[in-house]
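Everything on this sheet refers to the single structure shown next.
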């Protein structure tokens, strides 16, 4: 037996690591993977809470989040490909044509 | 008031004129444009006249349709006619008509003819909406509209960078004031549940006088902020001198006769509120008095003919505001009217001079113009006498009650009277300085032109020439009005009928002083005060005469005539010098160095400029936040999230 | 009641079907393909509008209480359809000039509109989330639609990465709100929180139990068991996600870059449609779901509103690119709306709704002028390119002037009345400081809008920009926008009444 | 037994997540992410969510991550360059991350009582119940999600298509 809060703290840690990945990674694909990590962290929260309330809604939310993540991945990777074609680079630090 | 006056026609006709010229003016001849524009104003004037004569005892209200009908907020399109708005409408259309006629001549060959008349008519539409509006919100519509037109017209010479800047400065400075008005308007609604004058004013009159600052005081102070912005009072006056870059008829119409007096109108309109908020009233008087004195002193040292008149306008409006501040509302409106006459005349005369000299505005380069511009000269002289408040000119009859009320009113005091009388002296001094330098003495321009130093404009044929009749006729009509316009309000003291006060009384019935006059007075005192003010005015003129007219002539004549008189002349000269060093020089130094350069240029103007620069620099720092880097942006998001979370959770625990 | 009900989602259904039809139509290459797509799209929007109007007779909660047909939702639906129709009309020339595929553009626009409609009517956070994702994904693609242009795809990338980043926060907020209350249904959450605070006298912090199913039904354990800190955490995470979407500070960072790089009609769409939809969710979540914690989040709104106004207006002072300028102005306008939101009243909410309509009309108009003048490849979007426009194309300049005056807030325009209601509601809620800040801001804002007007009327062009003739669709759209702006300024009653009705419904006062 | 499993999988998840951050080649990061997902799938099983666990492996680790790997291969992305164009991320990144993490963890740990325990076989729901609930109560989201997928398809085609016409 493990306290429920362990699960939630674990998901908080994963969410935090996801934000850190967004802040520190330079490769666009990896940054996008960090976002996926954040979504996964939220999923863990949903499943844990679903267990806590002994109801299925939480799991159904996860199902929807996964579909959304899949759709997001398709669009996101397409955008990344388009950017790569235009700029020939995947380094996020070079994506600053527009500023100030 | 049985008949339907169709008040909406009064502003609408100029609007139609503006639309016509805006849409088809580009392809029409100048003549067609001018006749549409002038015709529209003339019709509007006749309609205003009809409304004026149809005026009864009770205020007349015309409601057209519901503008905003939310559950919690109502406003209508309605117009309101009482003696106050009738007089204002007459002044606006009447003076507007004369200035339009004048502009027909003045603006020809200026380019953008149709645009000019389009804006002018549009301006009249908004100004008449402002004046005739039956509620504060509709008044605000006119209020913002005139600001917009003023902006368009100041920036009329769009090729001049400084003109465009001046337009922007005017727009933004007055907007600061406008928002005072807007907030006042919202507070009026929350206090009285209405914005209609016909409901707000009686409701305000039934409230007790606020001995400490309450909602009424706040409303009145906010309205004062709005009035100060639009009427160029301290400290929001900085835009008006710069606004003189617009064409002269614009300066005459908007920046002298009508728009800038809107602040006075709104205070007079809200008189029922003000008399119940004595602290606000005191602030009004103070602002007005200080502005009157301060702007007049600056007027002494200016050399640009239009800038002198601009400062003079600020100072004269200060007078009116001060009159409102001592609860002499009908005196304020009286001065507003006479001022509209003589100040419009002064501007148009100045325009005539500038026109004759091919664009020259520096009075040090003028002189002796009375021979070349006789009609302008005489009408200008009448205007100067009127502003210097000499009897029997109109300015005398309107300025004198203000000074008297400043002294006897329960809201006034000796301080305000002193400010007023000092200003009167300075006023007559600077206006005659302008007058003598321009029209008397040697013709400097002609000399300069013949020696080729002054590069003449094409319109300038070496010798200054009088303007065409279409420009001089309005001058003469305005001169007649400046002379006789004050006679409608000759007080009982001078065996007059006091018609003016009686006529306007219904408009200020609700502002009847809640307390009786504290200072008792008799006719003898009043006569003494009047004589004092005349004396001061004459002294100002005499001083100006000595310094700017008499001395150079005497010096020239003395050389040719008797040698024995020379010492006397020298003595005279010596006296002048003493005068100069004792009175004038300190005043000049103080006003130039301290007031104009120190306060006006550095502190107030500078602080506005500084504020603008600081704002821009701040903007530069803010935009550096947008570095364009996605990771930095995510950093901002996380930072914001952390702040939000710690705030929310901190509150919760 | 059956589990599903087609009338409730009829508008969305129509738009989806039409979207698919347009997509198919676009794939057949023919001469009149563009025109056909446009006609079908507009007809679909018209049909959806009719459906929404008919829905007024069938109000209620559908799909197990997830989807609400109420005046609030109907108001937003109508607004979205108007925006979508105007964008369709104004993008025709642009798409042709840029040689972009019309069918897909309109399909994505329609699908995005479906997502926005779902957001406005969703009573369940999961549905809000899905709606948000639908409209966001469609926007991401639309932003990157000019895929051969570096700035366009870079914009799409920025929008996409930061958008999904913010969405993750939003989703985490939903999860934690679910944890705090055991529900994602907004009206249920409201009920639960009311019960809690009804008993609460002093909500003790510290270690508390998560409500279990039994506590949810009876809340027998009392309010001191309620996880207030968790609720605060959830509220702030939701705030992050929604503030990001409405581009309110400090989450506005993406706005200027994305707006600048996106195709101009898409920028117009983004600044009005998805923004309004995000406001709908914002209002529903905070005024319904989290109504009981208003004293906490209203402080957040206060700060966010003030910051948005200042950041938007100050940074706009320096802009010379029209799209970027309007982007910053869009941040500032979000700030004004947040001011009314902060008031937390029927008046404030209806002020937000009215402002959204006024802003949509004037901003779409302004962007349309920018689109038209930009010419092929969006070459002329600098302020200098507007020099002398007042003489070269008086009507175009006059329209832009109307829009700019409305954005400044000059009377007789919708923008003025919008600001007026905002200030009024803020004053009524005793937000005096915030009102003064917003007043100061609208004075600052006048400066940069005036710069455009000065350029148009008072500067001579150094190199005259080529002017394309105004096509009929652009002309009609301009006319609708300019007329609408003035109409809202002079005859605002009808819209205002709708807005008030919606606001009353939302706050349960009507 | 339960705590042991939990800690093993939790440590694995965190370890893989950190590895995602540390690795410089995107392929390594992607593999780490698959590791995180597998660990999470196990945790889902431990929470009684068999269906979600299966979907996690099939859809997430299977389909989505394959897409990632595919794109990485397609673009032939090399090791990432350690550029430092974001001063905010460079100087404030670490503190922000730590503060954020600590705040979240503190709030979550303080809001939950240690009495609320998780153990095997204590969850009543089954996959069939999920299906029923999905098609009754969550019908609208379920249907609407199809639009999302359609957008994804159209979007991917629009954006990734080559400039050929």
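In this document, chain identifiers A, B, C and D correspond to the written order of the chains, with residue numbering beginning at 1 in each.
Quick note on the criterion: a contact is a pair of C-beta atoms (placed from the backbone, for glycine too) under 8 Å apart; a residue touches a chain by one contact, two chains touch by 3 or more.
Values in this document were obtained by computation on a predicted structure and should not be read as measured data.
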item: Chain hops separating chain C from chain B, counting only touching neighbours; value: 1
item: Centre-to-centre distance between chain D and chain B (centres being mean Cα positions), rounded to whole Å; value: 70
item: Rounded Å distance, chain A centre to chain C centre (Cα mean); value: 25
item: Distance from the mean Cα position of chain B to that of chain A, given in whole angstrom; value: 64
item: Computed distance of Cα centres, chain D from chain C, in Å; value: 30
item: Chain C, residues touching no fewer than two other chains; value: 126, 130, 133, 137, 140-141, 144, 147-148, 153, 156-158, 161, 165, 206, 210, 212, 229, 233, 256-257, 315, 318
item: Multi-partner residues of chain A (at least 2 other chains); value: 4, 8, 15, 18-19, 22-24, 26, 31-32, 52, 54-55, 57, 60, 64, 68, 71-72, 75, 78-80, 82, 92-93, 95-100
item: Interface hub residues of chain D, defined as touching at least two other chains; value: 85-86, 89, 93, 96-97, 100, 104, 107-108, 111-113, 115-116, 138, 141, 145, 148, 151-152, 155, 158-159
item: Arrangement of touching chains [line / ring / star / complete / other]; value: complete
item: Sites on chain A touched by chain D in the complex; value: 1-10, 12-21, 23-27, 29-30, 32-34, 36-37, 40, 43-44, 47-48, 50-52, 54-57, 59-60, 62-64, 66-75, 77-82, 84, 90-91, 93-94, 96
item: Contacting residues of chain B [partner chain C, same complex]; value: 26, 66-73, 140-141, 144-145, 148, 151-152, 155, 158-159, 163-164, 167-168, 171-172, 175-176, 179, 182-183, 186-187, 189-190, 615-616, 618-620, 622-623, 625-626, 628, 630, 632-634, 636-637, 639-641, 643-645, 647-649, 651-653
item: Interface residues, chain D side, partner chain C - complex; value: 104, 107-108, 110-113, 115-116, 136-141, 144-145, 147-148, 150-152, 154-155, 157-159, 161, 163, 165
item: Interface residues, chain C side, partner chain A - complex; value: 126, 129-130, 133, 137, 140-141, 144, 147-151, 153-158, 160-161, 164-165, 168, 171-172, 174-176, 178-179, 182, 184, 210, 212-213, 216, 256-257, 260-261, 315, 318, 324
item: Sites on chain D touched by chain A in the complex; value: 2-3, 6, 10, 13-14, 17-18, 20-21, 26, 29-30, 33, 36-37, 40, 43-44, 47-49, 51-52, 55-56, 59-60, 63-64, 67-68, 71-72, 74-75, 77, 80-86, 89, 93, 96-97, 100-101, 104-105, 108-109, 111-119, 122-125, 129-130, 133-134, 138, 141, 145, 148-149, 151-153, 155-156, 158-160
